[in-house]
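So that you can tell them apart, the chains are marked A, B, C and D in the order they are listed, and the count of residues begins at 1 in each.
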Amino acid sequence: MKPDLSVQIGSIHLQNPVLAASGTFGYGEEVDLFDVNLLGGIVTKGLSPKPRMGNPPPRIVETGAGMLNTIGLENVGVEAFVREKLPRIGHLKAAIIANVFGGTVEDYVTVAQRLEGEKGIAALELNISCPNVHQGGMEFGNDPGLAAEVVRAVKRATRFPVIVKLSPNVTDVRLVAKAVEDAGADALSLINTIPGMAVDVYTRRPLLKNITGGLSGPAIKPIAIRMVWQVSKVVSIPIIGIGGIATARDALEFLIAGASAVQVGTANFYEPLTMPRILSGLEEFLHSQEIPSIRNLIGTLQV
Amino acid sequence: MQQSSKILWNTEASPNYYKIAFPYPENYPAIGSGQFFMVRVAEGSDPLLRRALAVYRVGGVDVFPELKGPGLSAVEFLYRAVGRGTGFLAKKREGDSLDWVGPLGNSYTLPKEGAHHYLVAGGTGLSSLYVLAKELIKIFPVSSVHLMVGGRSQKDILCLPDFEPLGIQISVTTEDGTKGARGRVTDVLESALRTVPSDSAHVYTAGPIPMMAKVASISKERKIACQVSLEGPMGCGFGICLGCSVEIFEKGERKYRLLCKHGPIFNSEEVYWGEA
Amino acid sequence: MKPDLSVQIGSIHLQNPVLAASGTFGYGEEVDLFDVNLLGGIVTKGLSPKPRMGNPPPRIVETGAGMLNTIGLENVGVEAFVREKLPRIGHLKAAIIANVFGGTVEDYVTVAQRLEGEKGIAALELNISCPNVHQGGMEFGNDPGLAAEVVRAVKRATRFPVIVKLSPNVTDVRLVAKAVEDAGADALSLINTIPGMAVDVYTRRPLLKNITGGLSGPAIKPIAIRMVWQVSKVVSIPIIGIGGIATARDALEFLIAGASAVQVGTANFYEPLTMPRILSGLEEFLHSQEIPSIRNLIGTLQV
Amino acid sequence: MQQSSKILWNTEASPNYYKIAFPYPENYPAIGSGQFFMVRVAEGSDPLLRRALAVYRVGGVDVFPELKGPGLSAVEFLYRAVGRGTGFLAKKREGDSLDWVGPLGNSYTLPKEGAHHYLVAGGTGLSSLYVLAKELIKIFPVSSVHLMVGGRSQKDILCLPDFEPLGIQISVTTEDGTKGARGRVTDVLESALRTVPSDSAHVYTAGPIPMMAKVASISKERKIACQVSLEGPMGCGFGICLGCSVEIFEKGERKYRLLCKHGPIFNSEEVYWGEA
């Protein structure tokens, strides 16, 4: 019998636990190397009220088993997303999750309101790793109070389930996790990228125009698994694990540690078939271990 | 498409320059001039990202006598081992497997008409001009196609014997005069362009940024159409990471365009050359 | 002319900026693959008042371009260090820096007092990434106030220069850096390892007996460089850069970003000749770039 | 010492088992029985850590007829491609370079006297017993040395032809009876030990933990000296990471000892076998 890969993220049903991470799969229509409809879901590039050009190049640099990026949240804006992108992907069996970001609480609310009621969207994911322009650049995700405020405001503006994407750049990720759970978040996703930097030793300039960028890829996987496990001990809402996932085994590590689903980011760049391969790897694993459903693994870590 | 193929050869063409090839059956996607492939250089996750390589030559035994037997065909790349990624690549050997995605990117636009086609190359930029030269001589008289190759020194002048059978004109310049004329390839272009009417000439260039910037400015001065092949860091090669943005002027407005998807070939007037 | 590699960390003169990081080079006498006297310095394994057995195995696990460890601060204790280890290394031209840790402020003070006046020690390095037993396991290094308290107490107990080793596991490393500078630290070193985790998907147990461990190696380098750069903007005491350094180029990145010296950790394990190779690489670089002294590079990043 | 050497061969000895060798001149450090090397499996930083491999055979043309010419000598390892590290290693080919550190660790202690030497091997554990067998037959009658090799099935019984020229006794058991006697190698040991006086027998074992634990308990029951070769994760291989600690009982007290420095060979009574 074919093992059952379907999972539930609160009220969101996913045909399988493998999603494309925000900013690493465009708006779901760019990749033609495999059938994207096989995926559990696609998280869109972060959407803002207005279109954004993003940061000047160079925007990426390779590091040991990772990369830094400062794309700068380039996006078409929520309006163009609804008009031009959503019609092309809204009918998919893969759940479409709209990633939202802003520099003020109002930005988040504006995007949520524009998306409200649109067909083909399964949930919103709030990227709270953005500097809050009203608070001198302090990230929403670094402050439990600010993070909760964003979540409350968005929850009032939308009927979609709200997933809050946590920043790893905090002393204790559990505090923010608890705060956003209490504020009404329906699920959590973690982790976003970790700020990093690289230097050109010949020109003595940063290798990124923006000086620092977000670290992603296999390098951060152990940090992400640790945070998923820590957070899973203190919240009761579902968790989506993100960070360096490139193989079925990586995905299994996150699921066992407490995630109900996973997102694949950077691996899509260097190994475009990563997600379909993870799917078949998960099936094989369940089959060989005689486990009927992927749900039998979630949060089963024995310590 | 994406696949892993056994390397046919990976040989030094000149000190630090290599040619690498793998089988590329006829029924695989057609490759246009200027297109590139993304190849993995390591099996583990360091180096993590694929490297972009412009297609040099593609074809069967007619192009590659070393292919054993008719019906076989291959794609070949010409690269310089400069950093870690290409350094790893240079260590691969015949029979090792190479994982690739391609062909990617846009192609040179072939003009409807034109009596003079100047292909201006520096270093490995040469690689993106071979397929172009072949496409051009299919539709234009072979004598209208002129390849201008420049380099610092003799050892930077690569692979001319590959181009000679095409019958096109070839000019070589080196800065130190160890091969061809002493001087810069851009000077050769400049004097050639002086003798031709603007609307009959086309320039195509690939190589170091300062060279291409100069080629662009010479062409602009003479109002001659010029296409350039850009390079830069790439995360994916197929439009999903947004890491490869380059600054472009469209109708005077500064915009970001994806090197991997809207490029690597751009009209030279659109390109923002920075402080170069 | 041979380029000048010597640097100054406050009052400590180093013949060159390359030191072995604590816990990755034993007590300086274990390695015989090269002449350790070529090094700028050796930071000892962390010393506690009493000997410690460390944590149960498995203690290490490999990750993407990194490794996790839970050695658990196994050490011979300060007494045995002074009696048995120091006599064998105290005469070296490589500066000996005694790394100190504890679960209470008194632990740090006890070790500092025992080392006070001992010949052959150039400085103390305080590892403040340890859980404070009096504060329910909160790390000293996570709390600017606690960190400052440790530093003040140790400064009263010793005449050796005090280097404070910062934990990366905080929202804003600059706050702790400023606090320990104000408390009298003579220099800072950063970063220590980042907590991480790995899972055996077959047994569904953590791959480390201690569940989580500290991530080190090339994976963390971009994070470390970013933190060195951030801290260098807000303190005026010297900084020693640590994290994933494996090549001369890596070391140069840290120096240019603002470090006056570097420590090499994990690379000593997988490439035992890393440190001598970095030294010759630095010389070659200075030579080829016609830079007379490594000091001409420190903190010269142009942004 | 540490060096990078060209691989002489890296060939499949049995499905998934490989023999890899590189030149090891006579004047290099002498290698004792049970010692190991740390080898790098990738050039980049993933996989990061070296892998430990016990020395299988070492010598000149007498041991390796494939060595071309007298004066040449080599060291050979026998390994199983189980995970990522050994999987990468298995892809290396003759002529590729391999970076190694070694020889490392302690050796089997050769007893002063003894009429019966039982070498009990499972899987790649066999590799640490070849040098031991040669050392033993130098000081004891060849008939006193008995190699007992066990495995699940025929394909796990490796390299016996390498041992046959030594002239020692060899017993083979497989659990499925596809080679040698059907059964477990520990049963063969048990019955052999029954017939000999305790103080004249010595047991040396290398292989999977459950097998070694059983060998240890059989030996302990008969009060026969038993040395075991342990395995486990290692960060460095030479005593600086403290990552390879194993639990040891010294005079009844539980202690940590470094697998890489105090081991890999331990007296079996000292070893804490855990729940196994």
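Everything that follows uses one rule, which is that a contact is a pair of C-beta atoms (placed from the backbone, for glycine too) under 8 Å apart; a residue touches a chain by one contact, two chains touch by 3 or more.
Bear in mind that the values here come from a model prediction, so they are computed numbers and not experimental data.
Colleague: Once the contact rule is applied, which chains count as partners of both chain A and chain B?
Modeller: Per touch definition, common to chain A and chain B: C, D.
Colleague: Name whichever of B-C and C-D has more C-beta pairs touching across its two chains.
Modeller: C-D
Colleague: Would you kindly tell me how far, in whole Å, the mean C-alpha position of chain D lies from that of chain C?
Modeller: 37
Colleague: Mind checking the centre-to-centre distance between chain A and chain D? Centres are C-alpha means, answer in whole Å.
Modeller: The computed centroid separation for chain A versus chain D comes out at 47 Å.
Colleague: Centroid of chain B to centroid of chain D, CA atoms only: how many Å?
Modeller: Taking the average C-alpha coordinate of chain B and of chain D, the gap between them is 53 Å.
Colleague: Can you list every residue of chain C that touches 2 or more other chains, as numbers and ranges?
Modeller: 63-66, 217-218 - these are the residues of chain C that touch more than one other chain.
Colleague: Give me the residues of chain B that touch two or more other chains.
Modeller: As it turns out, chain B has residues touching two or more other chains at 44-47.
Colleague: Which label fits the chain touch graph of this model best, line, ring, star, complete or other?
Modeller: Graph shape here is complete: every pair of chains touches.
Colleague: Which residues of chain A touch chain C in their complex?
Modeller: Residue list for chain A touching chain C: 63-66, 68, 142, 169-172, 194-199, 201-206, 211-212, 215, 217-223, 225-226, 229, 244, 249, 252-253, 256-257, 285, 289, 297, 300-303.
Colleague: Show me the residue ranges of chain B that touch chain D in the complex, using the header's touch definition.
Modeller: 42-47, 84, 88, 91, 93, 95-96
Colleague: Touching residues of chain C toward chain B in the complex: what are they?
Modeller: My answer: residues 64-65, 218.
Colleague: Which of the residues in chain C end up touching chain D in this complex?
Modeller: So the residues of chain C in touch with chain D come to 23-26, 30-31, 33, 45, 53-54, 56-67, 69, 71, 74, 217-218, 246, 266, 268-273.
Colleague: Provide the residue numbers of chain D that touch chain C in the complex, in ascending order.
Modeller: Interface residues on the chain D side: 1-2, 40, 44-50, 101, 232-236, 238-247, 255-256.
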